[in-house]
Amino acid sequence: RRRGIPEAVLADGKTPAEVASMAMAALETTGRVLVTRADDAHVAAVTDDLPADATVDHDERARTLVVHAPDFEPPDLDATVAVVTAGTSDAAAAGEATVLARAVGATVDRIDDVGVAHLGRIVDHLDTLRAADVVVVAAGREGALPTVVAGLIDTPVIGLPVSTGYGYGGEGESALGSMLQSCTVLSVVNVDDGFTAGAQAGLIARAISGARDE
Amino acid sequence: RRRGIPEAVLADGKTPAEVASMAMAALETTGRVLVTRADDAHVAAVTDDLPADATVDHDERARTLVVHAPDFEPPDLDATVAVVTAGTSDAAAAGEATVLARAVGATVDRIDDVGVAHLGRIVDHLDTLRAADVVVVAAGREGALPTVVAGLIDTPVIGLPVSTGYGYGGEGESALGSMLQSCTVLSVVNVDDGFTAGAQAGLIARAISGARDE
Amino acid sequence: RRRGIPEAVLADGKTPAEVASMAMAALETTGRVLVTRADDAHVAAVTDDLPADATVDHDERARTLVVHAPDFEPPDLDATVAVVTAGTSDAAAAGEATVLARAVGATVDRIDDVGVAHLGRIVDHLDTLRAADVVVVAAGREGALPTVVAGLIDTPVIGLPVSTGYGYGGEGESALGSMLQSCTVLSVVNVDDGFTAGAQAGLIARAISGARDE
Amino acid sequence: RRRGIPEAVLADGKTPAEVASMAMAALETTGRVLVTRADDAHVAAVTDDLPADATVDHDERARTLVVHAPDFEPPDLDATVAVVTAGTSDAAAAGEATVLARAVGATVDRIDDVGVAHLGRIVDHLDTLRAADVVVVAAGREGALPTVVAGLIDTPVIGLPVSTGYGYGGEGESALGSMLQSCTVLSVVNVDDGFTAGAQAGLIARAISGARDE
Amino acid sequence: RRRGIPEAVLADGKTPAEVASMAMAALETTGRVLVTRADDAHVAAVTDDLPADATVDHDERARTLVVHAPDFEPPDLDATVAVVTAGTSDAAAAGEATVLARAVGATVDRIDDVGVAHLGRIVDHLDTLRAADVVVVAAGREGALPTVVAGLIDTPVIGLPVSTGYGYGGEGESALGSMLQSCTVLSVVNVDDGFTAGAQAGLIARAISGARDE
Amino acid sequence: RRRGIPEAVLADGKTPAEVASMAMAALETTGRVLVTRADDAHVAAVTDDLPADATVDHDERARTLVVHAPDFEPPDLDATVAVVTAGTSDAAAAGEATVLARAVGATVDRIDDVGVAHLGRIVDHLDTLRAADVVVVAAGREGALPTVVAGLIDTPVIGLPVSTGYGYGGEGESALGSMLQSCTVLSVVNVDDGFTAGAQAGLIARAISGARDE
Amino acid sequence: RRRGIPEAVLADGKTPAEVASMAMAALETTGRVLVTRADDAHVAAVTDDLPADATVDHDERARTLVVHAPDFEPPDLDATVAVVTAGTSDAAAAGEATVLARAVGATVDRIDDVGVAHLGRIVDHLDTLRAADVVVVAAGREGALPTVVAGLIDTPVIGLPVSTGYGYGGEGESALGSMLQSCTVLSVVNVDDGFTAGAQAGLIARAISGARDE
Amino acid sequence: RRRGIPEAVLADGKTPAEVASMAMAALETTGRVLVTRADDAHVAAVTDDLPADATVDHDERARTLVVHAPDFEPPDLDATVAVVTAGTSDAAAAGEATVLARAVGATVDRIDDVGVAHLGRIVDHLDTLRAADVVVVAAGREGALPTVVAGLIDTPVIGLPVSTGYGYGGEGESALGSMLQSCTVLSVVNVDDGFTAGAQAGLIARAISGARDE
């Protein structure tokens, strides 16, 4: 598929049978498929249907399933994406972003649990952040972390708001609003949309890798 | 008046004549009055009507007018409030908070333009922050600054969201949401409500000053 | 931990195993841990894992679990927090606030079921209210009680909106809006956020207690 | 006109000429007309056009104009409506309600500036409140007053939310929400809708007056 | 209890045991109690606990339980409330309103399934409508029925918006908005708030009945 | 232009010069142009620039300007659109819809001031309504009229919500919500979008006229 | 029934028994009935109750049940409706629209999975689109497809927004907003309201078929 | 300044004097300054104050002012940003983005008026789009254009929603929602935030240019 982004099936809201049949079709046509937001039944249905020689990678926390046909050659970029989380609750969205960026071929570095309540934590990882070509920052609640990160480094930062929290703004609206209003330079994806965050980071990494190869 | 908070007239939405007459009544009854959100016409109407011996203090940026009868003895607390701003646009709300906290009798220390885009700036003022008994932090746009401040100090912090910004969440909703969702411990007032922020900080300062005097 | 606020794990949205392991880590590092919004499975997982000599305090209504290592010396302040509820439905949020304020070391006085439909009830408790150093008022539906309380006393009041109600504004937005728009001086926390209300009250109590000790 | 409610022209958003011509038409057909939300130009246009023998009553604060043909006999009910305000900013909406209730024929008693910040004030007027057959309570900001009033008396209460305030909920949504969520029994009209509040109070007064006459 | 409105326990969100104990307390103090939004478990818990001589009236569709002590003398007014529904889905809210108005002592006439899609239906009931002293109109979806009814009769009308519908405005906001914006004279209660609609209609009926008795 | 819909310039938010130059370009390319939401300055700029032989039709209330080159042959359909308004305030949006439907070639019948507060009015026009091939119904406030009309006739009805009203839902959201939730069959356009309502009615009239011609 | 639209029972939120009895009543009166949003229990209850000679058509994906009495003669129009979907998730709403348009008597052509991410797909079906008399386009997420379709053809287009998506605007608000703001000419129905989309398309088809028959 | 993004002063909401003094300070410290959202008074104040040898570039439509000290050497990247608009109303936001991307040193190619109502237009510019390293797409109303563009090319796309439109979603919420829900891969900035769109595109171009130089 164009752009190096794998065909993906959003399992949530579909029956296991529907997901399995859509996944098989994509696998046959493109040599691989990604299933996102998969629950146990989706995972079972897809893996049951697979040809014996396919390889499957299931990430429970990210709720993703990556399937490759035996002859599929995954893309391999000369570029790195850093994926950063503020806290434990950001792990699912950040995991989805990680899977996507890797699927596009980027190397992914994870930096976890560096929320702004303890500023020292993020400062400790400045070297890893600076070594990355593009950075995805996942944060829920007040969503301040991407703003702080983009104030510390020169690299493009993508904000990934997460639907942790409760009460006013607690389904990710506050985190989304923070990132859209950020006083540092960020672009943003929708709440919990690790897919787009990782894919967009992957596309940027791909452009940089391409420039390195020129 | 109880609590040490002066009678206050919110000028916005009232005619100059209404404001002047309400201000005179409060001045006569309680020995002082505070006019907030006053424009030039309000200021003129109030000052025109005043007895010759009253003292007037007009803060243009804060849009406040503080009037004292000659015999009024302002309260004087043994406690300090720090009022912090993220940027220039927070000056009006922070000014209103400053006027209120002073009216309750607190000493006020201002720390300005220390927004989270440049983390070094707020860190440079840690000593002043730590010396305060209570801290008001005004911030617009993504409103991240109170969260960061409350992660750095042991003092009670009051978040004051400001209606700078535009687009999604740009009338202060994002700043309010950030502060209500903060991953550090804050209490909050309404958007642009410097009055309540300063008064609440003043009440806490008053309780602390009272305890010092016990 | 700084500020006297215990490490806390928000159990809601995490698996029992995750909560138990985070709780153990906090207990080992800081000598105590607080688990909030814990359901039966969370409680079981945490208590199963505990060392035999730890003490556990489970408040079913508040859904909190307070765990102390044998050698932990809880802070003890010379200051009182009053926690007030308008009705039965405010008990969970008020309970969380109570647990937090106690964890910071304050003495907590509870005043329950004094909603504004029967004004006499709150007036009957004026002595207790006046004896407190800081007051938390939990109210759902129209959220009028904190406004009325702050009109009666000289002490700092923190409004804690509760998500009781239905229809327009029924998930706590009306209560939150009432408190943010209050015509008396209040600061506010997010809907159902007993954690922050209790912690902020605790920080104020701590500042007052410190001033008493000077 | 049926129900005893006068034909009314909402001037806001119409040109002076349109309003004048609609008012004349109503005056001719029904013997009277009410113009609401009239600015100076509307008032001038309507009064300019009037027949010499018409009587005109212009209430500047309520922004209403009541015009009677010489032979019009206004309805006269044996029933009283109390119209209560929390503060000065509620005067316009309460004034509109007063004009409407009077136009339907009720006697109107006004009780002003009895907001909940000073509970004593409303309690001082309990006799007047109890003497009324129906009560309209106008309040802005947190809109708590109708809830408190309905807890004190046995009469039907109509809540009239007013668009004073700023920030979150500051265009009357908080006041409306408070009244819809009230823990006492109220019915409600739209924000600033003194017209409907006064007319509905008038209709109830009319039913009671009719019952008195049976 | 004052106003003739029975003590009521809102069962939804409380445990059966809590509801039963609150109901018993009210029954003992006031001779009767009303339980609203009761599910099967609430009904069982309350009826299990009752003294043998209490009378119980359970309305399954309205989800109400009315309990009288043997010596309780229900109020009996000389006034009628009409309760009107647009369709089947309005039955629960209308049922709650009916139970409340009856509890206050009014005679209740029901007119069902007369939505505006078939104008003839409501017109067929004009005599019943005109015979009533006050009218409650329940409607979901576009909520047009109360507006139409109030255009047809001279009696006070209370709009009761119902949360039927889906998509934009489908949780009752469209119905509520319609009623608040109505071009005829209505007062309104919150979405699904049959309790307040019935109680307010009861209070008006009570005032009219009182006037009849003068 | 395809579909028979004229090139249109939305003047609002553009400078007179921009509008005039865009209008001239469209006139030259397509033989006619429509300018909508034009204020006096827009009208002056466009008419100043026009070639002497162009014909101009300015509808002040609808704020439209229709310009034809001398050789332009307007489309002429064998089909009728009825455009209905609830009240005076709906005239601008209904006027825009009228201009559009005529521009597509339909005959337009207007039925004005037949709001649901007086059901008799709309019933009086049933013959005109039934004679139309498609009906546009403009209504503000509670927006009930299109629902009532669609219950009376067999023709396709398009709801056009208008931004009259104030308070909750007063910028057309209640009218829009009513129409989207209608219990009769309607399709809808955006608030105040007379352009789309008239154009869509025109397209349907065009399809019917085409079928008549087969 | 007038307009050729069958009596329909919206099963969602009703008990199986209620639905069955309403369906039987409609079947007896009008010779047919449509049940929408039926789950398995609704289907079972309705089919159990049916007379042996009735014909039943259950569409699982559309969640509809179409029941005809043996002597019912379905309407048969000389007009075609195209029903288009952007993706798999639009199938339920599009299916409901299909069932409705067929029930009114139109021929329905389906064009599936032609979302705007791959522009070639919709362009491949231009002939089918052009052959239709009216087009319904179902789309979720960003809801761009109806705008693109209406830019390609001369036929009336009805936008049907679908509640796929998550995060900001993810319950169909973004799709609805896109269609209401469309820069091409569309009319719109509520989110997931396949019923109204199909019925309105059917009414337009019926008008065109009638014109063909003249 | 770090990241190559010039110091920028947001003039809107500041006085001309404030803007001029902030601009001078930035010019002196960093050798250049950017003023955004400048009206005529801001422009006059800034240019009046400038040293004679500074160069000024005022873009009226974009409302920007770029000022360089004589010795300032603007950055010059080996990378291209395409800035695309759907229509005339997107010119201001797109202009701001253009100025920013150029200030960071990128070459900018503009593609204007290629909205989705006429698919052919955007397809005609595929070569320019494919030649760019990163693409900013500005669109108002339904905001469909970035989704379509991202479906056509392999390059990273940034969506820039614009506040054209009226009625539901008309202040840019629909455009923002469309882009956040896009079924192709996009990252997004806030409504009308050409500053961030251009700056983020510039940062990506800078990373690519850096990779080309390695």
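Read from first to last, the chains carry the letters A, B, C, D, E, F, G and H; within each, the first residue is number 1.
To be clear about the criterion, contacts are C-beta pairs under 8 Å (C-beta built on N, C-alpha and C of every residue); 3 or more make two chains touch, one makes a residue touch a chain.
Source: prediction; values computed, not measured.
> The B-C interface: which of A-B, A-H or D-F repeats it, judged by over half of the contact pairs being the same residue numbers?
Equivalent contacts to B-C are found in A-H.
> Indicate the whole-number Å distance between the mean C-alpha point of subunit A and the mean C-alpha point of subunit C.
The answer is 36 Å.
> Calculate how many whole Å lie between the centre of subunit E and the centre of subunit H, each centre taken as the average of the chain's C-alpha atoms.
58
> Measuring from the mean C-alpha position of subunit D to the mean C-alpha position of subunit E, what distance in angstrom results?
Result: the chain centres lie 27 Å from each other.
> Send over the residues of subunit A in touch with two or more other chains.
In subunit A, residues 167-168, 170, 173, 176, 180-182, 190, 193 touch at least two other chains, as defined above.
> Where do chains touch, given as pairs?
A-B, A-C, A-G, A-H, B-C, B-D, B-H, C-D, C-E, D-E, D-F, E-F, E-G, F-G, F-H, G-H
> Of all residues in subunit D, which touch subunit C in the complex?
Per the touch definition, subunit D meets subunit C at residues 86-87, 115-119, 141-144, 147-148, 151-152, 165, 167-170, 173-184.
> Touching residues of subunit E toward subunit D in the complex: what are they?
2-5, 79, 133-134, 154-156, 158, 180-182, 185-190, 193, 196-197, 199-200, 203-204, 206-209, 211-212, 214
> For subunit G, which residues are in contact with subunit A within the complex?
Within the complex, subunit G touches subunit A at residues 88-89, 164, 166-168, 170.
> Within their complex, state which residues of subunit G touch subunit E.
Those in contact with subunit E are residues 12-14, 18, 22, 161, 163, 172-173, 176, 190-193.
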